[in-house]
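Order of writing sets the chain letters: A, B and C. Residues in each chain are counted from 1.
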Amino acid sequence: MLEIQGLKKSFQGLEILKGVDLTIEKGDVDVILGESGSGKTTLLRCIDFLEKADEGKISIDGITADFHTASQKKQVEIRRKMSFVFQNYGLFANKTALENVMLGLTAVRGVAKAEAKERAEEAIKKVGLLDRADHYPSQLSGGQQQRIGIARAIVTDPDIILMDEPTASLDPGLVGEVLHTIGELAAGGTTMLIVTHEIPFAQSIATNMLFMNQGVIIEKTPTKEFFEHPRREETRQFLMKSISDYSFVI
Amino acid sequence: MSKFDWAKIPELYTKIIPSITVTLEYVVIAFFFGLLFGGLLAWAKLGKSKILRALAYGYTTVMRCVPAIVLLFVVYYGLPRIIPIDTKGKVKFVAITLALFTTGSLSEAFRSAYQSLDKSQAEAAKSIGMTGPQALWFILLPQMIRIAIPNICNSLLALVKEGALAYTIGLYDLLGRGNYLIGKNLGAYVIETYVTLVIIYWPISLLITFGSKRLEALLDVSSRKERKRSAHA
Amino acid sequence: MLDWKFIGNTILKCASGIPETAILVIVTLIVSTPIAYLMALVNLKPKRILSRVFQVYISFVRSLPLLLIIYLIYHALPLWILSFGNFIGKEIDVYKIDDMVYGFIVFAFVSIPILSEVFRAGLLAVPEIQIKAGQSIGMTNFQVARHIVLPQVIDKQLPMLCTFTTNLIKMTSLAFYMSIREITGEARVAAADSIRYVECYLVIFFMYLIICLAVEQIFKAFERNSQKKKEGNWSKNYAGNTRTQKIVSGT
């Protein structure tokens, strides 16, 4: 459903992405693991055109575009097929939680206000924050902000949700509620591409595991197999380092 | 319609520029008294007396809300009715009006500079045995001045600009002199005269702005050390 | 002794200039705001040629006495319009142009650079993630500007916009020199008619004071409103929640 080919991106002469190929099927939850600095976040941002890639092709739901030549109009068209959950939540500071969620419907897709409100409330209910709907972001805890960020992402019924380390900015005590919310989405069949460092969590929700190393995805394996028989030496090293009681079979 | 005559500008310039002494006179007098009373007013604002504080803030509010030209007229026509004062030397009315204004804005500059100081500075000064005045003179004031410099220079710039209102009570400062020449030339070279005034006023303002930046950099101890170090390197 | 009847009449006379003052201020704000905002956007990249031109313009307005700018434009503009008329081969009667139009032009000319600096500072204070988040939900750049950036800039810069508005009200006191009979203009006429200068100018002294204080109060009301968004009553909502205390203490 989402297909990326040959995605390249450099920052000031330093090549961060060296030709990423990636396919995600409908209903899959794919999790990307990798060392920090391997380009995971840049990859997600490039897919959503939040960062301009230097090269590569994207194809989603029948629309195809080149990353570096896509017109503004095309970029917006493709973005509207996707949603993005930011590490730092990125809630609109001047809008209440409800307005944050509604905006993608009213301002962007021209949905009537009453209907948008209904759908937004439904989305907020899913993340369990209906009682905070009229609060401003500054009045919410980090975990709550992120859950509203997720509500904002699901309300437009996107083909896929991209999540960039959704729990990395949270206090340890608040991580659980957000992971729980994402887990429910996964169980409900939402297509997602997630970058995270929460390995046990990934293990429990992911359809496939992707491993990224030095700007390329070097392995995509069904989750169970990924942890039991990682194909690449780099993946093994990473898993050994990340999971204390890790053991695998070759 | 006559064409713009560039050749006229040097002549106009030499005729207008001597009047800069008048402009400088009211600016310097107003600035001096503004610093003095502005300091006192800031002291009242930061002090313990509720009455003084209310008076000081009230005064600043009034000065913030009333146009300079209105205050100038009130001073010019009103002051001679209250105290016996010679109405001929008009420069003093301009200087008084400007001093009244700049007292308000400078008091705010001082107050905000004081309040932006780290509390630990005063405590540290006292901890090494300094008296209150000593702490103020050696530690707080030097730091305050650096913080206040941009605002102080803005007040000075405002003095130069608002001072041009002097012409409205018939004082021949720079702008007044320019208008006088227009009258003398029977309305000829109007645009040339005003362009000449632009050529005179603009560098004055740029000089104040530039001086402000230089002074700020000079007093910035941390960056001075940086510069020395990089000079050695 | 004060002649209260005379003062009463003067108040009425000067108050008849309030509409002119108000129109000058409001039209100037409406005309200047969009232009100033665009200028601020350009000035975000100070190395652009256009941005350098704007910086000269900003310096011009900041450096010169308002009265000089008024004289200059008031005298130069008719000539420019005439020669523009000649250029397009049409005769324009500059003397038919209303003085208020000159007022709008002069005050917009001096307001635009000041406002653009206010907006520029506000724009710099909007975190990039707010823009990216807007894009991520599929907004066009225009929609991001309208729904996200502009409201946040205005929220942030309300105090500066308040200062600017009161300054603009004060600036219009010089509109008399363009033959506009606003508050100060009315007072000057009243003073000349009655030769009671002090009374007349004291009347408008207090009139300006009241108007500016009222404007400040209106802005304060808006500020209180936006303050709610910024701070909120966070801790109150969470009283007794132990997990929250951890967040509040910053661990």
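Going forward, a contact is a pair of C-beta atoms (placed from the backbone, for glycine too) under 8 Å apart; a residue touches a chain by one contact, two chains touch by 3 or more.
Everything numeric in this text was worked out from a predicted model, so none of it was measured.
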Taking each chain's C-alpha mean as its centre, the one farthest from subunit C: A
Nearest-to-centre chain - CA centroid comparison: C
Distance from subunit C to subunit B - Cα centre to Cα centre, in angstrom: 23
Distance between chain centroids, defined by C-alpha means - subunit A, subunit C (Å): 44
Inter-chain centre distance, subunit A versus subunit B - centres from mean C-alpha coordinates, in Å: 56
Residues of subunit C defined as touching subunit B within the complex: 59-60, 62-68, 71-72, 75-76, 79, 82-83, 166, 169-171, 173-174, 184, 187, 191, 197-198, 201-202, 204-205, 208-209, 211-213, 216
Interfacial residue positions of subunit B with respect to subunit C in the complex: 1, 61-62, 64-71, 73-74, 77-78, 81, 157, 160-165, 167-168, 175, 179, 190-191, 194-195, 197-198, 201-202, 204-206, 209
Sites on subunit A touched by subunit C in the complex: 45, 48-50, 72, 76, 79-80, 82-84, 86, 88, 90-94, 103-104, 107-109, 135-136, 138-139, 141-142, 152, 156, 171, 173-174
Subunit A partner contacts - residues on subunit C that touch it in the complex: 129-130, 132-141, 143, 147-148, 151-152, 155, 228-234, 237-238, 243-244, 246-247, 251
